[in-house]
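In what follows, structures are represented as structure tokens.
The two complexes that follow have chain A in common; it is paired with chain B in the first and with chain C in the second.
Then we have the complex of A and B:
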């Protein structure tokens, strides 16, 4: 390999680099997960038009019916159509999960970057995060439900708060690694302001761990939200929410397993799709892997 | 020649604490402990010494990437240790750095073009079009091609990445470039190219280099003057020729004698230094070199020598002449490398 001066005139033009989307679609898991996530979101948005039945209408002649041509996913204990309820439940579950992930994740990331970059306040910030970490999310849910009354607002706030310290820790540790690299020092030697340094040099290079954590956390948040719904703190009946639906079916697990199993499979597919998409995105956004 | 940089009694001490909450200071690492030197415009001052002697810390202090404990760094007459805001930014436009590790010094998410044009963006130099033109010009200047601007750092070899780092440092047209061991992570043949590039740029752009190194062959090739550091302090400073032909400090002699030598018949002519560098947390009293100095006397154990006439040694005038003919030539392998450099220089 030679390092000698290259002649501009005879040199080949730089190859066109594939876009991040192309890279994503080149990966099988990426394609599948992207299609699934788009499908899930479209289903949630179009729920009122797609649902074959009213999600709240009870059919007492058809209680706990297994899947059939009339009720595709069967009916629940009150004779409501599970398929329709799942379409509406998707909206609640996705909204709750994504909103609390974004709110908690953004606040946590800001705290993490500040702790890594401004070493003076590192100890203070991280001890605060440790305090938050010592409360279980369920406890936040209980406390917030006591303040706001049970409902989705309380759940979203509780899950956001529970996400903050986790994201802060992840971001801080990967930011500390990046802070030790020469290009951060070069950026400081150039004389750019902290804002530019953090957003252009520090944050983009912490992305991969943030992506991995976020996608894992989305699954956890959805399950925690379901747990809170189960305790009666989250989505209030008759609101459809996938976790709550799964919880409601637990009494009939031996007689009519589909009431719990089908919504649980729904959660599984959502979490899986977002996990795969997160992994694929992380790779697609890394210029080192883009050839 | 006018003075560009004046470093006065610069020190950086790191407190060592134990305990998390009620931290108690249990020690003090004196990484840099009273360093003074000047650097003229267009000149190269090499800072040499063993690992951990405070070379890199000094480099970072000079650029104010870390805050000094005491001392002053005067750049064009202004003490930069007290600057802030716009004035500090003004200084940053005039002083840049080239790093040792070409694999860690480029942001992997930036294209080469972004890396080189960012300093100009930060300092509001030109518009997008003129910056683009300047990036291409800089790429050519450091021996790369304009089309490389669209590529990412990881697509280049170590030597090429170092060239990109040099182009980034030159983007704002600085007067001072601190080179922190710019070639020690590169292969010998690539070293020659990068060293020659640096020399060539110095000639063309009138740059002053503060050149950190531990490789004396490289230093002999690039430096005008050399400062030898030991345990956070300069023990000898002088013109390259004088320092190589007549090293006055025992440590400088040991350093020069430590240049590897393949000729077994020379064995035994120089006694290598015994022992290890003392910890900068526990610097010996008196002359900091006395624990390893073959000539140490009582005065060395009691009095800390000051840098006088370019050397900090009580016995500088009384020592026997250096045992090795440093003037006549370097060890053959070092000489061979110098020849290689010269050859590469002739090619370009």
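Then we have the complex of A and C:
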């Protein structure tokens, strides 16, 4: 009797796992990257209010000017303010990345769940994904640009397709782990239908890996999208896009390096921020993955 | 700040130059000059090539009946010492120099010259077709009437026959070599009368020429009539602009005309590099309208372009000050330029443009684009994708937007651009072109017969055609000048073209070389190369 009383009162309470956000903020890299990502997103959203100049207005008296108090990041070959163009370029770059991630991610996740749940089609689906994986995204971009003509649509489709197999593999592997757990068996036993089972029990338990992958992938997708725009396949003039801006400046690299270097640094910071955030999120959401 | 960038630039270029030196590690032979260019030609046959890249080499490999002076209008003797023109302008008799030989020692005769010209206009077998055979005029017959006398007969007078015969297309070729090499003439070899002879060609890499030792018949426009001072000339292809700049700075090459405008300012400060500019260069960049397309057929829209774009500022920005802003359709230094005709070209005034469009019935729409009778003021522009056109396109797009016109810019790679520019799928285009006179320029573009190309404007006017015919066949220069003046007034007032810039021709040379003077006929900077000398 006394034993049981003792047990009930003195047993230490199971340690509450701190929230993911708290875990994230404990990590210095995580904090910095989170702040950077928020800043980037805010800058992109508020671009029309923050931009000191019209991003398309050409000042022919101030062509290729280096950074100054009037033009913070200097002007490009047409006398346009690089800072304002970068703010608007962020919207295009981020939008392109997010849209392709969502489209590719959703299709990939559906494929992944189906492969994990319906074991009969697993082999077929995964071989299809292997085929997709074997094409580099740049090659997709080139092919699509040849079909549709260069433009953001071609880039978004190419990046989405390139994301599908990666997401499918991630989702399939985490779903397979969850599939072996008892509550899935229990849900099956009570006669829950497949659709409901996948969305109620399977999907929510795979979310953390999907989330981590998406954050990491966003950085890669932005880099790829910028690369395609740099090659002239993506955003068409006069649209401001960081990769396209870097490409336009490369002709003047020797005489006005800022035109190319500043947008390139912009891409660098964005990709770095998303990659660091992805790493920190992975540590926070799934401590087992920490090495 | 600026000096930092410049220092960084020079440092970078010097490093690249060192890399090139290390890579090649080979000093130039004593009496050799290396000339750099951006692209190679597909072949070096004057009857089959119209490329500048072919022309610049062919002028060294052979000669023409007459030559062009540096003022780009005076015709001087060449292979012909003198010539007579009949009263009616239908018959030219050329008296050829004696003692002229081809590179292999074969004597040059009127027979060979007649063969070369007939081959150019497609009257020899096997027949070759030159895209520019029309430059020879409406030929009745070209024949040798003696060993050193050539008779050139026309069905209709051709007032600019002589300037056209100074072009590299009309070069003298050895008939035996043409027959021997067949299709490979100008690919595997060449035999001309020029100051330099063909040694070897590695396509897209280099073409080597050696001095023609017996050459004594250089045109009087050169200080040295021959033989050339330089023993060997190497034409080297270096596609990357920055590499050409670096090679020039590190003395890996001696001469080039292919330096992007943006680099010129920094090269001016390099003491080892000399820049020679040809003030009489005729190469214009223009914007043309398809005058029969909806929207573009409205003169108010075309005039609004002129009034919306600040051309002097745009030209300064795009060409970094290395071109002159154009006003009228013809360069003021060209023969038969008509100054009063430029009055018809509207000046830059955006407020006036808006008023004019309002009065013409183009009402401003809610999205900032004007509308008239349900038709939006939207135009599509086609052009070749290059740095100048990219920048021009964006600047003009932005400028006409200010007055309520939407311009959609579509740039195409050079390989497909010519096909796209021959289509009827666009309203506006950019192109640039060389010419030798008002007559040459206007006859090239504006005759109704020249539709759809090169008359991409679809300009079709009987009065224009009549004036063009009159100018083309005039035997009296005053008659021709009057016809050209009428044409310039008419075309400038129609605003069918917005001439943008008169390009400059610059020739860049290192301290190692002297005698480099930019010529510019057909865009060729180094004419003959007779005056070039290694210091």
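Throughout what follows, the second predicted complex is superposed on the first by the 205 of 291 C-alpha atoms of A that agree within 3 Å, B and C clash if a C-alpha of one lies under 4 Å from a C-alpha of the other, contacts with A are read in each partner's own complex, and residues count from 1 in each chain.
Just so it is clear, contacts are C-beta pairs under 8 Å (C-beta built on N, C-alpha and C of every residue); 3 or more make two chains touch, one makes a residue touch a chain.
Note that the structure is predicted; figures quoted are calculated from it, not measured.
Undergrad: Pick one for A:252: touches chain B only (first), chain C only (second), both, or neither.
TA: Only chain C is touched by A:252; chain B is not.
Undergrad: What's your read, chain B or chain C touching more residues of chain A?
TA: B
Undergrad: Does the superposition put A:205 against chain B (first), chain C (second), both, or neither?
TA: A:205 sits against chain B, while chain C stays out of touch.
Undergrad: So, A:45: does it touch chain B (first), chain C (second), both, or neither?
TA: neither
Undergrad: Considering only touches as defined above, state whether A:191 meets chain B (first), chain C (second), both or neither.
TA: In the superposed model, A:191 contacts chain B only, not chain C.
Undergrad: I'd like to know which partner A:99 touches here: chain B for first, chain C for second, both or neither.
TA: So A:99 meets neither chain B nor chain C here.
Undergrad: Touch test for A:79: chain B only (first), chain C only (second), both, or neither?
TA: second
Undergrad: Which residues of chain C touch chain A in their complex?
TA: 1-2, 5-6, 8-9, 12-13, 241-242, 245, 260, 262-263, 265-266, 310, 313-314, 316-317, 387, 390-391, 393-395, 397-399, 401, 409
Undergrad: Write out the stretch or stretches of chain A touching chain C in their complex.
TA: Residue list for chain A touching chain C: 56-58, 60-61, 63-64, 66-68, 77-79, 237-238, 248, 251-258.
Undergrad: For chain B, which residues count as touching chain A in their complex?
TA: Within the complex, chain B contacts chain A at residues 60, 63, 65, 88-89, 91-93, 95-97, 99-101, 104-109, 111, 118-119, 122-123, 140, 143-148, 150-152, 154, 157, 159-160, 165, 168, 172, 190, 193, 348.
Undergrad: Enumerate the contact residues on chain A facing chain B in the complex.
TA: Residues 1, 3-8, 11-14, 17, 181-183, 185-192, 196, 200-201, 204-205, 286-288.
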